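Letters A, B, C and D mark the chains as written, and numbering starts fresh at 1 in each.
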Amino acid sequence: MLIALGVTLLFGIMRVVNFVHGELVMLSAFVIWYIGVDQGWPMWVAIPVAIAMAAGIGVLSQKYLFKPLQYEMLNCFIVGIGASFAIRSASWAIFGPEPQAIPAMLPGVVKLGGVFMAKQRLLAAGVCVVLAIVLYLFLHFTKPGKAMRAVEQDREAALLMGINPESVYVTAFMISAALAAVGGAMLGSVFGVDPEMGAEPLLKSFIIVQIGGMGSIAGTVLAGLFIGVADSVTGTLLGGELAFIIDFAILMLILIVRPKGLFGYDV
Amino acid sequence: MLLEVSSIAISYGTAQVLHGVSLTVADGETVTLIGANGAGKTSCLRAISGLEPLTAGAISFDGERIDGLTPRQRLERGLVHVPEGKRLFPRMTVRDNLAMGAFLRSDANAVRSDIEAMYARFPILKARHGQAAGSLSGGEQQILAFARGLMARPKLLLIDEPTVGLSPLMVKELSAAMRAIHADGVAILLVEQNAAMALRLATRGYLLETGACVAEDNTKALMANDYVRKAYLGV
Amino acid sequence: MTIARRGFVALGTAAAAIGMGSRPGLAADKTIILGCSIPLSGPAAPTGITTQRTVEHAVELINAQGIMVGGDRYTIVPQFYDNKYIPAEAVTVVEKMLADGVKYLFSTGSGNSVPVVGKTTEAKVLQLSGASGKDHLTGPKFPYSFRVQPTNETAYAVYPWVKTAFPNVKRVAHMNPSDEAGFTESEDRRMISEKNGFTNVGNEYFKRGSTDMYPVATRLVGFNPDLIDFGGTIGRDQGLACKALRELGYKGHILLGYSDAKSFVDIAGPDAAEGALLFDTLAEPQTPEQHEIYDWWIKKYGAPFPSYVFLMWDWPFILADGIRKAQSVDPVVVAEALRTTVHHGIFGEERFGMKSVYGIDCSLTRQIPMSIVKNGKPAWLATIDWPAGV
Amino acid sequence: MKLALPALIVLLLALPLGVHNQYFLHVMIVIGINVVMAVSMWLLGITGLISFGQAGFMFIGAMTTALLTKDLGWPFWVALPLSATAAGLISAPVGRLSLRVKGVYFFLVTLAFGQVVAGVFAYFENPFGGWYGIRDIPPPQPAALFRTLDKTAFYYLALALVLVTCWIIYRISRSWFGTVLWSIREGDLLASSIGIDVPSSKLVAFIVSAFFAGAAGSLYASYYGYISPLVFTFEYSVNVLVFIVVGGFASMAGPISGAVVLTLVPELFRVTGKYQMMAFGLILVGSMLLMPQGIIGAWQKLVPPRGGR
């Protein structure tokens, strides 16, 4: 869901489908693992370093990959796919075949209404909600945040207000990448770290963003919950295989009936 | 002269849309640019505010060459463009739209009092201040667009087609608003298809046809001109 | 122009790479090309990477000695191709090998091995697979196809052992990835566990590489089993599933294989992993030979040591033995020799067997090491002999 | 220039006479299948819509051929048109529903459709083979020509399918109907304002494109002899889109050249083993940055086209 937030930011504002996003999640998780686990530094060092690195890569990819393509959607899509193939493949070569694990920051499980939940998962959910709120506040109540929304809603009008869209794009890439890094920290501690870890969450978050409505933070959070619950419910009731079909059938229906997404606005 | 545009030209790809247009606006003056659809009026405004690069000619503002500057730098000098089709931020509140108008200003307190002043001048905005701009009626949106433009404390307001698609009653209200802006000492360069209204508002006018200036005079004389009467005033 | 020129440079480099790659193929008088079709990218990459590293080292040792056939000394030249675990890619890889005159093919993963076995049989190429499979991969129809690692068949050895080691276990549930390997594993394991008197209470599939294991875990727990067999589940999925099961309050046994014990524990977490039974997994080296391999990996690639290395270690030696025994490099002759070759490898006596099941001796049989997770660490538990009569 | 196309066709026809490397012929057949897929996706693509369900329609075609030829023993030559028709028939209701949405939403609906197709085929072991897939699909008749180790006949079959597909789709894209499709790309409203029935035009393009995807699937099934849900994945649809974008949208030569180049180039890197995907990724990035308009765009810059499109 955290990753979806990053996706919604970029996709909503710039209509850029950034396939590298999943790879940022993965690289950040590896950085955190390397600094925090392998080298034994404390987590409060490892996570900020990963965030800084991800933000840096975000800015670089904006500058050297997406800006030269003028944010043309299909071209960006292909470049992203290419870059993510290359990064993933290089990661296998560099990190080797062994998946790594980031130890849970909150080990153990709690019992919630008869269901056991790992505390780490609750922590991840909590972090996600907090960041969603922070992001919401940022976009609605700060000047750079408002500028970002202005560019999303009407790029030219924003230009006439004296906003420089390019610098807004840089900020958007940076924040989105930083969110990916936090996502990497959470995913890594729940699911382990390996070069493929970013792929599925990215596809999922893309779907979440669509259902939630592009660029809508509340929509993204709600859709994330909705998808998560729907996944678990169908999976639990019908078994993995049938759930796989039903999930996508539901997705098709939702999109056909409400093409703007469940919580989307009219564009 | 506040604004001096001298023989500017613009091309989109291979098509030249402006061929050497020149015009001036003095401090506090209201000037109108009339002409048929596609005559190049909007392109002219877009060139002045920096949305379109020039292929020839020069633009000065307040005695300074501005045709190399970014839209942002022109805005800083007091040149504000209220674009065609309102171009509000539809999913921001009325208040936020006003605040965006003052994006470059860092005097938070003055901005706040300016917003209050806008509310006082246009009570409808106050009544709608928490609503999304996209949910306003066409006329309300146009008023918001004016107000947003004024939030930058302009010396010159470029206004593009404010009355398109509005009821006669609304057109009247907008004329009143523009008169009030003019009364505050803000110069206006108004592009309008509704030539009759534009000529009544302005003191001088330019007639643009297929990318070139074909007539320039004070508005009384233009209104009296036979060609203008036949072609644009429909009498 | 610059674009065109750059394009040509890229093509030129690629062409040069091709030339380099196929050179050993041209000078094949004293070398045996061993084409390896393995997943080197994508979710299945860990097995492929481990396999490549292991085979490279094993071949080094074999070549140091050489394979004497008649008066000629042969060495093995392995070539590694990425099949990405996509059947169409695997077919292209094999087409390339056939065109290059490769006579010995190694392939991991049943999704990659099954689609090509018809071709290799017709081309009389010896195909060795490290994959789950049944009569659609090996059998009288495919006389040159061998499986070098007991996979689904380990169940023949493991379930009788479970019966004696854990007499309380009665109800068994199965979990498998939804693909060729998962289907094969599931069918065989259900059949074999029932033959051994266990009750099958549930059978679930999940999408390989999926991160959310809670739905499948919830269903499995609902069957109230005494033992959950992870079957063809590999890699990260094992740790995640185990963690989910324990979090949902599952108290019974968990049985899994093909695993790297250390990363399994890391991902599942030591508490959740505690007590898990690892079949055909050698958590820690027991014999000097195993120690040697272990030390080599740690020295060259560092910790952790993937226990999958042990499973991929012996087969190149068996192939070399077979060629020596056949005194020929003709795959048809070597195939017949392989059927009677007995190799003393790191798991003791190893031979191709299972004629009783497949009608032809084609699947490797050997001792099966069992491990258990104890105090957060994998530990050796038992070594099971291959059951007689299978 | 006028002679270039006939010369190319003659060259392709003569190829197996001079080249006996079966791997090369295999790669040519793979290219053929990819070209048919790319061109069929492109036809819908010129309206500005990208369907990620192409692999799904391909799967439907492949499955139809597998069931007809293996279970019922029908000849391939009957199964091929029936498979394409089956894909076309199923695409009609799917298109009617999914074409109600636009842009990225259409991406997603068709993506979901592809997953549903794979899921359904995977779920029902009988008759679809489940995750095992179906193996031993018989080759076309006469079996003496279509052999596992001699691909000449398959090569001509693939070539024929490519030529027929390209010819038909080229005619469509150049016809009045093609002009209609191009104009839809410029905007639905604009197109409907000049009297074009936008929904039906899109639907027809969707059906035609599914029809040829089905034909490609049929060829795939009889050539490989083995199909499974692991083959016709969402990733394959993405690959086809990559062919088109790297090739260029501007003309039909785009998807064709994209499919040819992007099938050949990874083969050149095959010997690099674990670095193959890395090289492929870098090639994609490089080609987009250097040729944002695709191969065709770059070509037209080098050699300005004479006359219009």
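One rule holds in what follows: a contact is a pair of C-beta atoms (placed from the backbone, for glycine too) under 8 Å apart; a residue touches a chain by one contact, two chains touch by 3 or more.
Keep in mind the model is a prediction, meaning the values are calculated, not measured.
> Name, by label, each chain that touches both members of the pair chain A and chain B.
none
> Which chain is most central here if centres come from C-alpha coordinates alone?
Centroid comparison flags A as closest.
> How many angstrom lie between the centres of chain A and chain D, each centre taken as the mean Cα position?
Taking the average C-alpha coordinate of chain A and of chain D, the gap between them is 32 Å.
> Where the CA atoms of chain A average out and where those of chain C average out, how many Å apart are those spots?
About 35 Å separates the centre of chain A from that of chain C.
> Chain B to chain D: how many Å between their CA centres?
For chain B versus chain D, the centre distance works out to 52 Å.
> Where in chain B do residues touch at least two different other chains?
Residue numbers touching two or more other chains: none in chain B.
> Provide the list of chain C residues touching at least two other chains, using ranges where the numbers run on.
Counting only residues that touch two or more other chains, chain C contributes 40-41, 48-49, 178, 205.
> Give me the residues of chain A that touch two or more other chains.
Residues 85, 88-89, 92, 241, 244 of chain A each touch two or more of the other chains.
> Quick one: label the inter-chain contact graph as line, ring, star, complete or other.
Contact map by chain: other.
> Kindly provide every pair of chains that touch.
Applying the touch rule to all chain pairs gives A-B, A-C, A-D, C-D.
> Where on chain C is chain D touching in the complex?
1, 3-4, 6, 10-11, 14-15, 17-18, 20-22, 40-41, 48-49, 52, 79-82, 84-88, 91-93, 95-96, 98-100, 111, 114-115, 118-119, 122-123, 136, 178-180, 182-183, 205
> Where on chain A does chain D make contact in their complex?
Touching chain D: residues 17, 65, 68-69, 72, 74-75, 77-79, 81-90, 92-93, 206-207, 210, 214, 241-242, 244-245, 248-249, 251-252, 255-256, 259 of chain A.
> Touching residues of chain C toward chain A in the complex: what are they?
Where chain C meets chain A, its residues are 40-43, 45-50, 178, 204-207, 209-212, 214-216, 218-219, 235-236, 239-240, 243, 247-249, 260, 262-263, 266-267, 269, 271, 301, 304, 306.
> How about chain B: which of its residues touch chain A in the complex?
Contacts found on chain B: 49, 51, 70-72, 75-76, 80-81, 83, 87-92, 96, 99-101, 103-104, 148, 152.
> For chain D, which residues are in contact with chain C within the complex?
Against chain C, the touching part of chain D is residues 21-24, 26-27, 30, 122, 130-133, 135-136, 148-149, 224-226, 228-231, 265, 267-274, 276-277, 283, 286, 290-291, 298, 302.
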